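Have a look at this one before I ask anything.
To keep things simple, chains are lettered A, B, C and D as they appear, and every chain counts its residues starting from 1.
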Amino acid sequence: MNAAFLILSLLAVAGALLAIRLHNLVHATLSLMFFFVALAGLFVLLMAEFIAAVQILVYVGAVGILILFAIMLTPHVTGENHGRLCSRGWIWGLAGAGAVFLILIAPVLLMAGLDTPPATAALSPSVREIGLVLMTPYGIALLVMALLLTAALVGAVVAASPPARDKDEPKP
Amino acid sequence: MVTLQHYLILSAVLFSIGLLGVLTRRHAVIVLIGIEIMLNAANLNLIAFWRFGPHLENFEGLLFTLFSIAVAAAEASVGLALVIAVYRHFKTPDVEKMNTLRE
Amino acid sequence: MPDIHPIYLVAAIPLFPLAMSLVIALLKPTRGRAASFLALLGLGVSLVLSLYVLKLSLQEPGLVQTGGFPWIQLGPLPVDFSVIIDPLSASMLAMVTFIGFLIFFYSGSYMADDPDCARFFGYLSLFAAGMLGLVISNSLLLLFMCWEIVGLASYLLIGFWYQKPAAAAAAKKAFITTRIGDLFLFIGLLWAFKDGGTLLFYYHGNGLLEPGRVAWLAGIPAPVFGLSVAGVISLLIFAGAVGKSGQFPLHVWLPDAMEGPTPVSALIHAATMVAAGVFLVARTYPLFVADPAVLTVVAWVGGFTALFAGLVAVAQNDLKRILAYSTVSQLGMMMLGLGVGGVGAGMFHLLSHAFFKALLFLAAGSIIHGCHGEQDIRKLGGVARSMPLTTVCYLCGTFALCALPFGSGYFSKDEILLAAWHNNPGVFVLGAAAAFCTSFYMTRQLCYVFPGNHRSHAHPHESPWRITAPLVVLSLFALAFGGLARHWGILEYLEPGFHAPEHSSLVMAVGLAVALGGILAGWLVYGRRALPVGEPDAVAVTLPPVYRFLENRAWMDELYMATVGRIWGALAALAVVADLALNAVTDWTVLSIQNLSRTLAIYSDRVLIDQWGFDGLCRAVRGAGFLSTRAQNGQLQGYLRFITLGAVALGLLLGWALLRG
Amino acid sequence: MILDNPDQLIVNLVQQGLDLLSGFPIVVLVLCLLLSTVPLIAIFPACFAITTWLERKGLARIQNRIGPNRAGWFGLLQPVADGIKMLLKEDIVPRAGDQLTHFLAPVLLLVPAFTVLAVLPFSRNMTPAAADTGVILFFAIGSVSTLPVFLAGWSSHNKYSLLGGMRAIAQMVSYEIPLVLSTVTVVMLTGSLNTVRIVEAQQVSSWVLGDNAALQILGQVLKWNVFTPWGFIGFLIFFVASLAEVNRCPFDLPEADSEIVAGHLTEYSGFKYALFFMAEYISAFAISGLAVTLFLGGWSGPNIRPWWSDDPQALLIPGFVWFFLKMFALILAMIWIRGTLPRLRVDHLMGFAWKFLMPLALLNIFVAGAYYYLPRWIGWPAGFVVLYVCYEWLGRINRGSLGPKRTYRYA
């Protein structure tokens, strides 16, 4: 248990760091995928098997691929991102991220009662139970989610499609 | 024994890494990658609180994460579509150079 | 059939037209015949089921059955989909499907030449599904959903010939105007859900309309008008009905809606959809009864609308537009009936009106069809000779509408006037005056259209049998429905526990007198001699200001343009002015700083050359400007960093608050 | 008696062997791990070898040739010869390419290909990982395999490779949607994502446990999902989409040799190429196995109880025999299709997935829902009629996007 957590968390941190650190965009995306997989492993440790499966399906199978596709549609087909990696004023960004980190970590270290062992559950919840909860009390949220995804689908198509050309202009 | 504290520290670290990526990188795609990392760190937090919390039978953390993953998927698709559209307009994926509202 | 629970039958009724509209939308049949056949098939099945349900309901008049399933759970409150069988829904179902079927049949011939016939029947089926769903719904939410579907279908059908700018504008006007009423209805819905805890009408004694819940709602005082919550909710519901049923002051869309094809006018804007508002009030009547003040409002609004629209109709020249104002007037009559006489009187008039008004519209469509699209009554004429069957049917419809003895309208209008006489004499006067107007404008119309010779060069011809057959059927109903239904006790059926108000020969005499008086007056003004082409209207000659006032529909559209439109325009202008002012201020600031620094620079150049003041001042001004532009530099990440700063500040604040305890 | 149940012979033997070692839990754990992974790693590459021979022979017969016939009896040793050749070849890495990802791609491709095999129930009590989330796990891990294909194309630093990789992404992502949607029907009507439960739901258990041999046989066949209207259409959609998912003909555009040399495989040689090849076949096995599980009754088949046994659960022919028979039948169908159909054009490929398969799969879900609530004697014929009408209708709508009919004068 301990070893699994240690390995997975190290993988996750390394994956995340490399993802924002690497010059090559494709490599960065690849390490982002490793981060996603490591996080799915952590979900399994936390007894959320179903969420882990969804994590891999959505993040590795869809979001990661989508990012690669987007990179291929920008000029960086080779993935090389020459020039400065950091934007101007990056030092302020670093300071901001550091400050947020301190604020997040302070209560974790200071508050008592966070080092209790987990409540023992025999098994991770079955998909059937999750499904029942999802369909009854969270039904309205599910509907809203469906609406949101539809809107996102339409929005993505509209945003990514090239601007309409005049009818007179011959098609290429 | 791995406790809630460990997970919270891990998720704080991951969140900060993501934020760092968002705040300091020039390339729009890496900014999006940073956002994804932040969302995932938040998900880890939710699941950890559910697992270590008193009401395992309510699945609130799980469902919240499920919805957050769905929202993140929508966000990624729209975000990347925007990156492509912006790239088509400015001819660069560099967020520093996207500093005008007009041509 | 007997082994299926009737509630399933009722729930299935709207599904057939819905399925057919989907099929038509997906198959996109190129031939109009196929589309009309599909639509007729769907509605035909619904018609059979509806008649069966009506039979069940008639066998057992007190029958009220509901059935449904939970849709979503909002916190502790379930939101259900539920349907109902009771006399109200059974009679409406039969009326809507029957008239709808005839009109579908009629449209098959009327629209046969239109290239977009399939689209027309798709919309029409969608409308039928929405209307039937509205009628059977046992939940305010389901009713509202169907209400909106019906509104959408109405919008689509008014704008069916969207190439015509007038049609497109009329569609928009109808949609937006009814939306105002719908907003109130929606607020009422939310309020009912908040205080009533359910949206079901009838649910084992816990429904919104059942005595316990009504008494509970009537007991809560509302923060406005000194009404109870029940009163406010019913007032909001009535506002929705005002929008949909074209009551004053939201009636402006209905006459314009005549830009749609004539079958649409007959089905939607005369017989069924516009009656939905009246139906809604009848459906939620227990809430209205809980606060009598609201019923008075309903009666007065209805009475005023009836008279106002009747007057306006006198000075219109478009065949369909006269009928449209007549519809508005009759809808006002129904509201009046609901306000003073109860569900029975209002609904009885709704049902009988549906038959004869559909008949009048269809006959008008036949005339327009036969006269090659001519709608101006001043240019029509002599139709009686060339289209005899249509003329007879039109006369039947007029007979019923004018409430002449033993026509349909006679019985239902008589009930309303009787109730008004007993409960609210002021409204009675309005109603009687409206009845007079009705007879007058109908006579005027008849005198223009039917006798004499053609006033234009067109050669009218009788319509084909597929158009006249529905007319004949509807004529029979227009003549006989009222008397038979009254004889068989429709009022007692629609309103269990109905007790007839004391019969009054005075009221009967007044009713007869105004009907005959209107006709006589119309005959004296218009009918004594042939009306030549181009002659100004007789009323316009004798009472020019009144005529102009009525001809321009009391300038209601202009009034709205002048108030609502003007306010909007003023707001927009204000925004422009504010924008300019802001620009001026910023420009002035920048320029003055520039000038100041320039003067100072020149001054210092001359007087204090190479002094620290010169460079320092310039640098300070530049620096200030630079600093202020830095905040708005368009750098995405700059903004993000500021957001982070804000988040950090909030976090610190939270931590500080927590530590403080 | 251990021979009472031939179906469970292997399982029982393993169980007894492990029982002997119960004093050493760590050994048992390691053995369990090995026993659930090693057979997969041993059996499926063997199947791969046989299939390459089958495919070459089959294609040759379809094309009126003889096929491999030198190495061994009927050329049966050809796979061995091929393997040795691949191993001995020089491994070439393009100098401008990305060395790390070029190496990583074939390795990463093998991982999901083998992992998904774990959720397949090969026979009763022979599921390496009988997870509650079985089907979704399969798709989750299967969706990862898009990534290595793209990486292979990208890291080769060759435009044909990159085009192949891009095509692979577009194709695999698009066809995953009808694939998953067609499984939804099965999951919906079974009420479980667990593959073992899905197979068990396709048996009439009262007949199987009864005494009548004919009913036993029927009970294991009649309730297969493929014999329902939604299951039939679902199976067809699933099979077609799985062809595209594993880049088989006629959807092998990522490696279309007449257009882009060999797509993402262009710059691969030697053993890495062999790994790609193997991964592709193993994915084909896995997805055929899933099709068998979901629609063709999994391990159940016309089977009777051994006459000497009293155990009501006992079966004469082991379940995995049926499983592999059905799986190989699907593989043979794939080979047959490859020998018959020409490759699609790329726009037709996308249009087929989005405009035909996806709407059909969505409609299929509605039909499955209606089937569940209707009596069988209405639902069964009505389902077929509705689905046939939808099929015809979608076909008619899509006919417009095919373009004008081409005529070939000299062909």
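Just a few scattered comments:
Here is the rule we go by: contacts are C-beta pairs under 8 Å (C-beta built on N, C-alpha and C of every residue); 3 or more make two chains touch, one makes a residue touch a chain.
Here the structure is a predicted model, which is why all the values come from computation and not from measurement.
Looking at B-C and A-C, the interface holding more C-beta pairs in contact is that of A-C. Mean C-alpha position of chain A lies 49 Å from that of chain C. One finds 35 Å separating the Cα centroids of chain B and chain D. One inter-chain figure worth recording: chain A and chain B are separated by 5 Å, centre to centre, where each centre is the mean of the chain's CA atoms. Of all residues in chain D, none touches 2 or more other chains. For chain A, residues that reach two or more other chains under the stated contact definition are 50, 54, 62, 69, 87-88, 92-93, 96-97, 100, 104. Multi-chain contact residues, meaning those touching two or more other chains, occur in chain B at positions 19, 23-24, 95-96. Chains that are in contact with each other form these pairs: A-B, A-C, A-D, B-C.
Contact residues of chain B toward chain A in the complex are 1-10, 12-21, 23-27, 29-30, 32-34, 36-37, 40, 43-44, 47-48, 50-54, 56, 58-59, 62-63, 65-67, 69-78, 80-85, 87-88, 93, 95-96.
Residues 1-2, 5, 9, 12-13, 16-17, 19-20, 25, 28-29, 32, 35-36, 39, 42-43, 45-48, 50-51, 54-55, 58-59, 62-63, 66-67, 69-71, 73-76, 81, 83-88, 90, 92-94, 96-98, 100-101, 104-105, 108-109, 114-119, 121, 125, 129-130, 133-134, 138, 141, 145, 148-149, 151-153, 155-157, 159-160, 162 of chain A are the ones that touch chain B when the two sit in their complex.
Interface residues of chain C, counted against chain B in their complex, comprise 633-637, 640-641, 644.
By the touch rule above, chain A contacts chain D in their complex via residues 24, 26-27, 30, 33, 49-50, 53-54, 56-57, 60-62, 64-65, 68-69, 72, 77-79, 124, 126-128. Taken in their complex, chain C has these residues touching chain A: 71-74, 635, 637-638, 640-641, 644-645, 647-648, 651-652, 655.
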